[in-house]
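One chain, chain A, appears in both complexes that follow, with chain B as partner in the first and chain C in the second.
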Partner chain A sequence: EDDDAPGDGEPIDEHEIFDLVRSISDPEHTSLTLEQLHVVNAEDILLDGNNLLLEFTPTVPHCGMSTLIGLSIRVRLLRSLPQRFKVDIKVKPGTHSSELSVNRQLNDKERVAAALENEAIVDVVERCLVT
Partner chain B sequence: MSETTKSEIELRAQAYIAARNDGDLDALVEGIMSGSTTLLDVVKALKDFITSEDDSLREKGVSLLTAIVSRMPPAIMNRHATRTMLEFFLKKLEDTATVIPALNGILKLTVLPAFLASDAEATSKALFEHVKMKAHVQSTRFVVFAIIDSLMAKHRETLKEMGDVFVAGYIALADGEKDPRNLILSFAIVRVILVEFTIDRHVDNLFDITFCYFPITFTPPPDDPYRISAEDLKSSLRSCLAGTPRFGPLAIPLFLEKLSAGSPATKRETMNTMSLCFPVYGARLAQEIGKQVWDSYKIEIQQPIDNETQSLALKATQALVTTLYSNDDPKAPVTGLAPSITDECLKTLREPETSQAKPATLILSALIDTTPAVGRAVLSASITHLMTSFFSSDQATARPAILTALASLCTTVQKLYEQPSSRTYSSEMLLEAYKDQLLGAFTIELKNPPSTGAALSGLHQLVTIDGLFSDEEVGFVVHNLNDLLQFEEMDSETRTAMLNLFLATTKISPKHVEETTLPLLFALLPDRAPQDQGAQIKAARALSTLRTLCVAPVLFETLVIRLLTRLDLSEDRLYSLAILTTLESVLEAKIDAGHVDVPKYAESLVPKLYSLACPPRQVAADVQLLESAAAIITLVTRTLSADRQTALLTAVWNTFVHGTSSALGLPSGVGARPFENGASSEERNLVIMFAAAVIPLRPEVALPVEQPAAFLERLLAWCIVGSADEHQRLATLRLICSVLNKHADGLSVLLLDRLPICWTQYIDNADATLDVRRRAISGWAWITKALIFRNHEQGMVNVERLFSLFTDIEIGWEAAKALGTVGGAPDVLVKKNNAVIRILYAQRFFNAVLPRIVTGAKSASEAFQRTAYLVALTSLIKTMPQVVYKSEMPKLMPLLIRALDLPDMGLKLNVIETLLAAAKDGSTESGLLSERATALVDAMLKLIPTSSSIDTSVRLASLRYLGVLPAIVRYEVLHPQKALVVRELGKCLDDPRRVIRKEAVDAREKWYLYTG
Partner chain C sequence: MTSPTHTIDPIAVLEGHDERVWDVAWNPSEPLIASCSQDKSIRIASYAQTTASGDLDFANIAQIPTGHKRTVRALAWAPSGKTLAAASFDSTISIWEREDGDGEWECSATLEGHETEVKGVAFNHEGTMLATCGRDKSVWIWEVHPDSDFECLSVLMEHAQDVKSVAWHPTHDILASASYDDSIKLYIDDPSDDWFAFATLTEHASTVWDVCFSPCGRYMASASDDTTIRIWKARDTKFHEWNCVKIIEGAHSRSIYSIAWTTADGTLGWIASAGGDGRVNVWAVTEVAEGVDVTLIAQRDETHGVCDTNTVRWCPRPGKQNVLATAGDDCAVRVWGVVPSTG
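Up next is the complex of A and B:
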């Protein structure tokens, strides 16, 4: 089974990306994963070549943790996917009261970088990623 | 008494009081025991101390008497002595200076045979009157409880006769106690009082001194020398609260209060205690408070904090209901709480898909497992209700959920009769009225995918209730399952459930599966290999189903016949292989289950396999098929008695060695003499089949040849200079190894005379070709292995010779790897094959070779020699017991890191797996690891790149080890390498192989989180 390398027989697909994010824990309920809370779903991951769109569903429409959840997902993907991917992380349309502002924060390089300079934020994010 | 004696006693006593020297005490005790003096003399001699004005002197005087009493054997402590001493000690209770030693003295006296009932009464009265518990430290209070405990054990009747005096006295004594050590004793005493004493006038007070501790929140201190666990305390308090029905009215309101306001732990403890209390408090009280209690439990079941709380609430509900109906006439209709709870649940179940349906089902199940009458009523109401919903037209989409509820009710009923108890299904016939309906509902929905899981589970429960289904009904279940079998789309969980149900029916009667299911499955297996892909998948699935189903003897017999027919006709190697592996794995399952029908296949299956393996059959040319067939023969041979093994061996021997093909019933004219000169490659392959029957033989079965040594030597020569290819050689060497291991003592000619010649001729001979030398070394290794496993003295001699080859640049490497064969995985030398394996052979072997290897790898003169030692180390390290190398780890670590540079992938893998194992059990000392961590990281990073020629297994192991390092090495040590590791691991994230990516992701995350 060993060295008949499959070449591109096993490209990175939506399922693999779902596997990367499903085990992240929720910043509020640390014993539950984003998968268990249905915050991330395999169907809401769209992969087109090197473009990835991941939509997540906050638990409640005014969930204050949405940005933090999105940031955790972003950091996990940043660490786990090859650099060639362009990743968009968005709130699933219609599931959050301030959808636009959350989306803007999550997909703005400078703002993400600034957030990751903040030790307190990094601390929370890392705790969500310990799984 | 003479003056001298008296003064001597005085002197001794004074000396003891002054210096507390045990010698003086011993002398006094001996004096009393020998009769030269008496206890009374000692008391008199101590008069000055006991009546002294000085508190400490009085205390010392009494202490001395306590010490003497403690050392007296009961025989010396006659009635007179006991009474005198008791009176003395009781008197000393009044004196605060002497109360502690007096209590200790009393405790010793209470266990004496001469301590009478009247003494018990006097003692307890004195305790109640003079001992002020609150003034004493824990250890003193403990003695008081211990005295009462001892009186309870020996003079309980007397204490009962004391009546109120004792009960009231004890209540006052125990009131306010806080120490867990004392409470354990006190709870035990209270429990006896509650159960056996007249407590009419003290119920409230007794309740106060027990309930005040509820719920217990004690956590024992770490390393508690008294080893009192919270659970000990809790369970003794529980047995107090459940000690008398008179606590009922007092306790229930307080329990309810705790339940509504308490923490989760309090709630759990409350329900746990209530479960125990209900039966004691009785049906009348349950009647009064039932509704109110249920309202409280309901919340814990419907909106549970966690599963444990929910299941305790269900248990408590069961206890409540069981108590409530415990006195009812089993024939009378059930009224009151149980029907009202049932109605409530059924109302919820009108919408079976809501989230509350599950708790409702759990409650119903809990009620079914109470009294038989309640169970029957609840079951009847529930099934009737659910069945009506099931068949009503507007509930079609709810059917899966309804079946799930029905299946859980069936599970409960099945469990009622599962345990060997007085309850049997045939005496209660609980489901008799509904079985047709249930069978109908489950089978109708079996083929509706959303319901399949629930239907299978329900049917499984029904089938396993002993006495529920008739043979015909089991047949009906199998018939419906057969339809399900045709379904292509089925997830693995459902498939497993289906197979398990099939299996459950075969345990009752294999007839139905045999007559109706097997033909369906065999129909999917064409005589010749299936051609198109669809048929291939169906055939593969059918084989896998047969593999699970055909374990029962009747079914296996059919399976063997049918599969052999197909094997006979098959010309497709994959099809043949699938058939052979199916037979092999069913046989393994049968042997594990201890089936006794396996040996009989030595007469049918085994000869058939032999004839299929002979040229010109297709199997004969295919090593993989042959090995699969050989594995089956080995399995069957293992189960044979020595006599039958001898018979089989003779037939095999005559066929393959002497060429009498009829011996095994082979077709005449078949060429089946693997060892003959000029045998074809197919014919030579038959050695695999030959070895299969020889390897598992019992030691008492002798080879049917006059000179076994000469025969083995011939086989060895066949391997070294004959025409055997690699597979044929390996089979032969396994055979030689196995025979030699069992018969070494009778083969000394071979070991002592012939092998040394073989050594000089083929191995230690620079003129021999490299191939010959290599093959001979491999033979040498297998022979040595056989000896090492049984601690044969020749074994280490042979090992020495292998070491001597390390200086030979041509074959040093081979010799080193040969050591791996010797001490490596057991291969054929396992107990199942009746191999002779001495305990601790491995320790002996490794302890002998490891130091040599370590020294050689470091200081051998030539580089290639050092490499040979390194190869030997890495070949052995995986099978080496950790105890052997643990202490050597500081020396081994640099060698292992060096060995990672060896070109051999298998050796690299051995090293990394050893490192991983050491990391897992934390056996590597952290200082050593820190010292080498940087080198380890560098070595691993070299083994992970995508575009390298490194084996995937090695890359995976290296990634895994990189992922482990952050957990076992301090951050400061590897901090300088963090950026490098993260970058290098990043390169693996785009690897074409998914497994590599996954391992790289995990490792990388660990390194990101690795901080100071």
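Up next is the complex of A and C:
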């Protein structure tokens, strides 16, 4: 839909985006949120018109959950934001040993679409998004 | 861009898919166009020229619930126009034909073998072979036998990553593949041995989404996530050596998903590109001393509203080669005419 904001009629800004993702659960520590673990931070969200760049910081540099975290963020934003937004999700530079590889997967539309047809992956993502 | 000489004018919108449309394919011999979607179906529309001025009218004629368990990602018609192949994320390829040329579309074969999502499918120029590719990093070559019998001739594991697309040379049995490993590979059959990759083109900086040959077969164009298009020229008459002769930059602000090349009088043809920025570009390509010149003749933004444009394909029918179809994330297929600007 073409609503400008999920709620209050204000134009969407970085804070709105942060509000959408802060409460996503970490796939490994499900009682903790991405905000609590400092995986997502308001200052790592960059909005330029309809172009959104969100950088997240994995909990540890070899974090095997990074693609799942990135995917959960993407699904939350896909479901909440108007279609006009072009969203890029990346690992904050210097915070992951396979940064390039994780970024490539998270921003390959076809890989994301196929992952979201995989029931096992969808189950994990949905559990992260309950909160 | 200096004053564009052409515009991309809307001709038709084909609706009906419930989810994003990934690919569209024009039947080479009949007035039909097929589309496939994340909704796991294939839709077919027919078209006719109903007025003297040449306007085309489209009508949906078939909706095929393919039975695929996941997204149907890519389509290819055999040169005869009688067979349609569909690649699915469920790791299989389905083959569709119509009884008596006018009845229901029926699945005459299901090709198994890929381990994960199949992403590309293409028939060679004679319709004697089918190529498929996918996330398992492989390219398969199948021989087409009568009665929808497909025999696997070769499984090529040359790419280091996911293979996004395959395209056959227009006159020779040479195959090109585009990959997430940032390269394009070219394959040929060694009659005394097996199919093999004879060239790897590594100049793109990111995933190569699509590749196509020029109608004359002496050139190739590739589209990449690095937001550039590259044009390659064959250095020899056997098409074994290829060099990049042109890089088109700045034409798209996001990943370029699709590229297609059609004939156009007096030139090497027209190239159309489409991508995540929703833009479609059309260039006229002319031959110069060491390669090509490209002139942007038309450009249109928001071809599918705010949504991505996934595929662009030229109509192959005589007299209609300036007609384009696009498939988008807005769940629609759109048909356009590239026509000289008025005024």
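In this text, the second predicted complex is superposed on the first by the 122 of 131 C-alpha atoms of A that agree within 3 Å, B and C clash if a C-alpha of one lies under 4 Å from a C-alpha of the other, contacts with A are read in each partner's own complex, and residues count from 1 in each chain.
The criterion applied here is as follows: a residue touches a chain if its C-beta (ideal position, glycine included) is under 8 Å from a C-beta of that chain, and two chains touch if they have at least 3 such contacts.
Note that this is a predicted model, so its numbers are computed, not measured.
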Query = Touching A:I12, do we find chain B (first), chain C (second), both, or neither?
reply = first
Query = Should A:L20 be classified as contacting the first partner (chain B), the second (chain C), both, or neither?
reply = first
Task = Scan A:D108 for contacts with chain B and chain C and give back first, second, both or neither.
result = second
Request  = Please work out whether A:E126 is in contact with chain B alone, chain C alone, both, or neither, and reply first, second, both or neither.
outcome  = first
Note = Across chain A, the partner (chain B or chain C) reaching more residues is B
Request  = Using the touch definition from the top, say if A:R84 reaches chain B (first), chain C (second), both or neither.
outcome  = both
Request  = Determine where on chain A the residues touched by chain B overlap those touched by chain C, and list them.
outcome  = 82-84
Key: chain C-touching residues of chain A, taken from the complex the two chains share   = 50, 82-84, 86, 104, 108-111, 113-114, 117
Note = The answer for chain B against chain A in the complex is residues 951-953, 986, 989-990, 992-994, 997-998, 1001, 1004-1005, 1008-1009
Key: Residues of chain A that touch chain B when the two form their complex   = 2-3, 5-10, 12, 16, 19-20, 76, 79-84, 126, 129-130
Inquiry  = Under the stated contact criterion, what part of chain C meets chain A in this complex?
reply    = 20, 38, 70-71, 73, 89, 116-117, 119, 135, 162, 164, 180, 206-207, 225, 254-255, 276-277, 305-308, 329
